[in-house]
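There are two complexes below, and they share chain A, which is joined by chain B in the first and by chain C in the second.
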Partner chain A sequence: MSAHGPVFRDNPKLDPAVAGTLVKGGYAVGGLALLISVAGGFAGGEETRKQFFFSYLAAYMPFVTITVCAMFFSVLHHLVRASWSTAVRRVAENIAGNIPLMAVLFIPVLLGMHDLYHWSHHDAVEHDPILKGKSGYLSPAFFVARAVVFFVIWFAIQHFFRKNSLAQDESGDVSLTYKMRRLAPISTLLFALTISFAAFDWSMSTSPHWFSTIYGVFTFAGGMMGFFAALALGILWITGRGALTSTLTVDNFHDVGKLMWGFMVFWTYTGFSQYFLIWYGNIPEETIYYITRQNNGWMSVFILLVVGHFFAPFWILMSRHTKRSRAMLGAGAAWLLLMHYMDHYFMVMPVLHHHLHFHWLDLTTLIAVGGLFVAAWAQRTVKHNLVPVKDPQLLASMGYENAV
Partner chain B sequence: MSTANYQQETVFPPPLVEGNQTFHSVTEAVCRVVEAPPSKGWLASFAMALLGLAVLGVSVGWLIWEGSGIWGLNQPVSWGFAIVNFVFWVGIGHAGTLISAILFLFRQKWRTSINRFAEAMTIFAVICALLFPTIHVGRVWLLYWALPIPNQMGMWPNFRSPLLWDVFAVSTYFTVSLLFWYTGLIPDLATLRDRAKSKVAYYAYGMFALGWRGANRHWQNYEKAYLILAGLSAPLVLSVHTIVSFDFATSVIPGWHTTIFPPYFVAGAIFSGFAMVLTLAIPARKIFKLEEFITVRHVENMNKIILVTGMMVGYAYAMEFFIAWYSGSAYESWTFINRAFGPYWWAYWIMWSCNVITPQLFWSQKIRQNMTASFILSIFVNIGMWFERFVITMSLHRDYIPSSWDYYRPTIWDVGCLIGSFGLFFTLFLLFLKFLPAIAIAEVKGVMPQADPHWEGYHADHHHSADHAHAAGEKHHG
Partner chain C sequence: MAEARVWGLVAQFDDPAKLLHAAEGLRDAGYKRYEVWSPFPVHGMDNAMGLSRSKVPWIVLGGGLTGMASALLLQWWSGAVEYPVMIGGKPLFAFEFATPVTFELSVLLSAFGAVFGMIGLNKLPTPYHPLDKIAMFRRVTDDGFFISIETRDAKFDLHRSRELLESLGGRHVTVVEE
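What follows is the complex of A and B.
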């Protein structure tokens, strides 16, 4: 920290004209892609309809995990009383603001329940003792009820932390910081439980016989990495538009890059734990998951994840130099977002396709969810201050430097 | 600073060192513990610890003479106290490296007052841990077979066995922790050397201080070495207990084979490690008058980590139970029901009570800041975490064939080894407290306000603290 400390002198607002293209373009492209996907998916027969729902779920999961992990980041900031993250917190709060959008976008998953989740077929369950055993949990009514509970909890947490943060922009009241700190622990607890069970419900139960205790932690790890990649792109985009150039500096990029790298490694750790223990134990009821995903062309996606989601970024992003370079950090974050998508694709798509088989609906559904996601975020970003301007920790956050 | 003041919440954390400390007074306060003749309390504790060590000597001596039949092992419980104690002690050994390495990499400056302490504890705990697999092999004199040493018989260890990975994981962990601890000690050993009154102390501290003179170049090399060792240690915090969890999880035994084991064991290790740091630090800060360095805030922070990691193990217990039911596997669900309501139900509920339920009291700030309550709750966690490993191991007692079911009862020699390991641990720890600085003197100075060259106290116009700063500047070299 310099002798006199930093001073906040940036314009806290983004010029609406600058973001206009992203908002309008995002809604237009996303909306159009959604229309094409729905039309294309339902114009064909049963196979295309199934394809639509699976493609949609594979596109939905990476974005919903990023959204709730952004919410968790804004909670975590208060839980550990961090100050370094103040300057980037609003970006996270604005990503978390997409929770209502994600709730709306969950409707197609509910409509496609019959195509996505084998356990939702009453007659199939009747003749399957394993599925019958878990029908107390995996039943359509309980599934919907749980999803409602998840979204209500997420919305409440997101709303509370964002509302108070925005209120502090006006009043500068320190007591709002204390208020948020007080609710951070319970929010963390609720987040841990909801994201785990959401992962079990929406993703793991597509293979209803299979189970893994680490699945929730694994989904969380990937989601956090995806969130930090989105955060990196967010602050690069904002500063690239000429805003906040003296508030968000290379040291903020470096910090976000470090955490993105850290959670990338944590994803690998949890993924390796799952794979390794199942491989070593070699019990058919568990190995079936990886046998499906290592044969009939799926092995190439498996290797892509091992190399592209771990080895390559591990070495490339480990360097201080790459994390402090706008171009390299941006490219790394974009690549990891793609890997985050491939991770979820690899979890759900082999259930539909025994053989690796890309479909044009994979692309259109991804553009649909992604376009709406980005547009909604950009819209919120233009509307409010880009940083919590009156947060008592903002100046300290600006002053951090990463020593050699 | 009074306790009432302390509780008032501030946006920025309060200072890490309390009282009107100068650089010199820090040196004095820490070195005093080492330089003063041993107190009666220390001597009495040391005598107790030596007694425990003697119990260990007798138990292990008889074990090696007579064989592992003197333990309560049976079929199907072929892994008894030895594995439980091993995992227990390795787990305790995790807080040291977490505090030294991970909190260092996260720039958590509050770690400086407790890291020395925790690192020493880590090393002694790992020594205790290594003892158990060693004596459990039966023929101790053939232990070198576990190492890949070329020989004419063409014998080679089985690299596919997680027990062999343990040999590498734990010994690597021990080596790196020792190096890390020693590197941090060098500047402080030089301080003790420079203050030494007797020739013996002068040469002893001098030899290990490696000619440290506090030169600029020394500090530069030191900082770089410290950062590199921190980077190397950070993955070790995760790897060691991950490998320990593999001892169980790579098998196909219900209750052991579950994918959450690696992170669950790591969380449990950090949990138990922090509890042991508190168990040791709370009395030590009082006895040696180090309350201004290991402050209420330090204890409170550790209590928060205990609360968080306690809920992480709670999450794992609950997930295991849920997925055991969800899996539809009759053996899995039965194992968990047997844990909770079978012959070892009491161990299972001790585990839940001490690891998940009682730490919930730490939601209250009053309790987090109360030394007596924190001490008692830390003991609960120690007990609970020992029982967690006991519960896991006792999954063996009812295997697939009801006719081979049995009940494991420890013999006096099992108990002797457990108590004896505490004797070993406390002997080493008390020696550490007496001969080495229990608080990292140089590092604590680095987080004091005076360490900032722009500290307001250095400006003459702030006369309220000018004297203080003046003193600090003059006595910089303590």
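What follows is the complex of A and C.
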């Protein structure tokens, strides 16, 4: 509306003093937790070391999926020429900026390859016809090479979209928007392939005899939900510090909440598809995955995910009122992040523990990865503008309303 | 033939901003039975008119729950009660295999609730409307912005309502017969 048109009048920067605690605290707590985890994991015997690597993988997977899905969100924005997401895009770009950190944090997974992945043992593969048949793909050298390729692709995409977005903050050059739009389709294809194969490699191959073709989509669905939960918490935190209060309004929260809810449902859809076909086919080599995860205490986690990752948030967050309430949206997003962690925990941990068994390393590794992740994001958030200030679509993404 | 009864008043406005402003004026004056006409959605109009939330979501919920319940009942009753046949060693009823049909029927009846609920609440189809007779009103599908007030409104008064419309920027205020 020309007569009621929005004007960007917020301070585009966050006061560094406000975020200092989060940056310093995150690095300190995360770093300390990482030291404790490594020290604790290697002080004990082989069992504790294995526990460390499995706990670490369960903590690493939810954050790496959130990071690459944040990258995809900034690509998607340009792919579909969205305007509504301009005001929240920088938050996503800053989460995606954690990709180099995630690459560094992937080193422990490589170091723990022999403890995490049964297929990496040469002798075991020699006496196992199934693993032998897969050895062309599941071999240590190829695994490392693929991981390098994933991170190079992710870094290139993230760097390209973030660099041009930041450059536009200075120049206001519209051609940068067109430049990003041109590379959005190929980036989307590369993202789809890399996140699927990363899920197969890092998570699914902990059960190397088992396979599920929808595993990549399932991981993507959960990752997108986790990303939107992180995005919701990010914009709630920024506006809670008194910044962008007239740019990001209740309607922006509402929209992010809707997408978080939508991908939560999509996670259920893909997760059920996987479960349903295995249940119906009833072939031992496939059902073993769920037999492991429905017995010996693991059924409680299974039910927790069905209820906590679907039924409860489905009804609670369906309401317009909860998504438009800061407290309810924040609580819902935090809960779904916890469920996102439990989802990945449920994928890898039953490989190590036949019986449900929590270990203190689960907690410390989660704090380690999470602390570093949040600190790196906050550091980037303070350094740059909080929104793409000269993006031609910025005003269009402000001041809209969700119809009642 | 009896003299035609008055249905209400209609006035034309220059642009969406004036339309929005006029809607706010009518809302504040306490009018309820008035309608705003525009070729495209005007952002903020719901608030300006003081409209309460749409009832469509509740119809959708009703449709969804009906679909869910009927799909579960159908599969359970036909498969496990009325005509039990063991197929492939599967249970006669299980939530695992019942879920796809339940999901689909819930979605189908939800969608019916959304579409037909919306159409019904919009009183569609309306083959005849008194405003159809007003020549200037034809521009509503192109570039015309209008507000009509019905005589059914408790606040309606031919003289004062006309003055109010004019004071809010309405032009060509016209009496509409039924």
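Keep this in mind: the second predicted complex is superposed on the first by the 402 of 404 C-alpha atoms of A that agree within 3 Å, B and C clash if a C-alpha of one lies under 4 Å from a C-alpha of the other, contacts with A are read in each partner's own complex, and residues count from 1 in each chain.
Keep this in mind: contacts are C-beta pairs under 8 Å (C-beta built on N, C-alpha and C of every residue); 3 or more make two chains touch, one makes a residue touch a chain.
In this text the structure is predicted, and so the values were computed from the model without any measurement.
A.B. asks: Using the overlay on chain A, decide if chain B and chain C clash or can fit next to each other.
C.D. replies: Clash: chain B and chain C overlap once superposed on chain A.
A.B. asks: Counting only touches as set out at the top, which of chain B and chain C does A:Phe8 meet: first, second, both, neither?
C.D. replies: neither
A.B. asks: Between chain B and chain C, whom does A:Pro185 touch in the aligned arrangement: first, second, both, or neither?
C.D. replies: So A:Pro185 only meets chain B here.
A.B. asks: With the two structures laid over each other on chain A, which partner does A:Ser83 touch: chain B (first), chain C (second), both, or neither?
C.D. replies: The first partner, chain B, only.
A.B. asks: Please determine whether it is chain B or chain C that touches the greater number of chain A residues.
C.D. replies: Counting contacted residues of chain A, the larger count belongs to B.
A.B. asks: Is A:Gly216 touching the first partner chain B, the second partner chain C, both, or neither of them?
C.D. replies: A:Gly216 contacts chain B only, not chain C.
A.B. asks: Please work out whether A:Phe302 is in contact with chain B alone, chain C alone, both, or neither, and reply first, second, both or neither.
C.D. replies: After superposing on A, A:Phe302 lies clear of both chain B and chain C.
A.B. asks: Which partner does A:Tyr280 reach: the first (chain B), the second (chain C), both, or neither?
C.D. replies: Both partners, chain B and chain C.
A.B. asks: Once both complexes are aligned on A, which of 63-71, 225-233 or 333-341 in chain B overlaps with chain C?
C.D. replies: With chain A aligned, chain B clashes with chain C through residues 225-233.
A.B. asks: Which residues form the common part of the chain A surface touched by chain B and by chain C?
C.D. replies: Touching chain B in the first complex and chain C in the second, residues 3, 280, 282 of chain A appear in both lists.
A.B. asks: Which of the residues in chain B end up touching chain A in this complex?
C.D. replies: My answer: residues 9, 11-13, 238, 242, 246, 249-252, 257-263, 311, 315-316, 319-320, 323, 325-329, 363, 454.
A.B. asks: Which of the residues in chain C come into contact with chain A in the complex?
C.D. replies: Residues of chain C touching chain A: 16-17, 20, 42-44, 46-47, 51-54, 89-90, 96-97, 99-100.
A.B. asks: Which residues of chain A touch chain C once you look at their complex with the stated criterion?
C.D. replies: Result: residues 1-4, 272, 275-276, 279-280, 282, 400-401, 403-404 of chain A touch chain C.
A.B. asks: Which of the residues in chain A come into contact with chain B in the complex?
C.D. replies: Spelled out, the residues of chain A in touch with chain B are 3, 81, 83, 129-130, 133-134, 137, 174, 177-178, 181, 185, 189, 192-193, 196, 200, 209, 211-217, 269-270, 273-274, 277-278, 280-283, 285, 392-393, 396.
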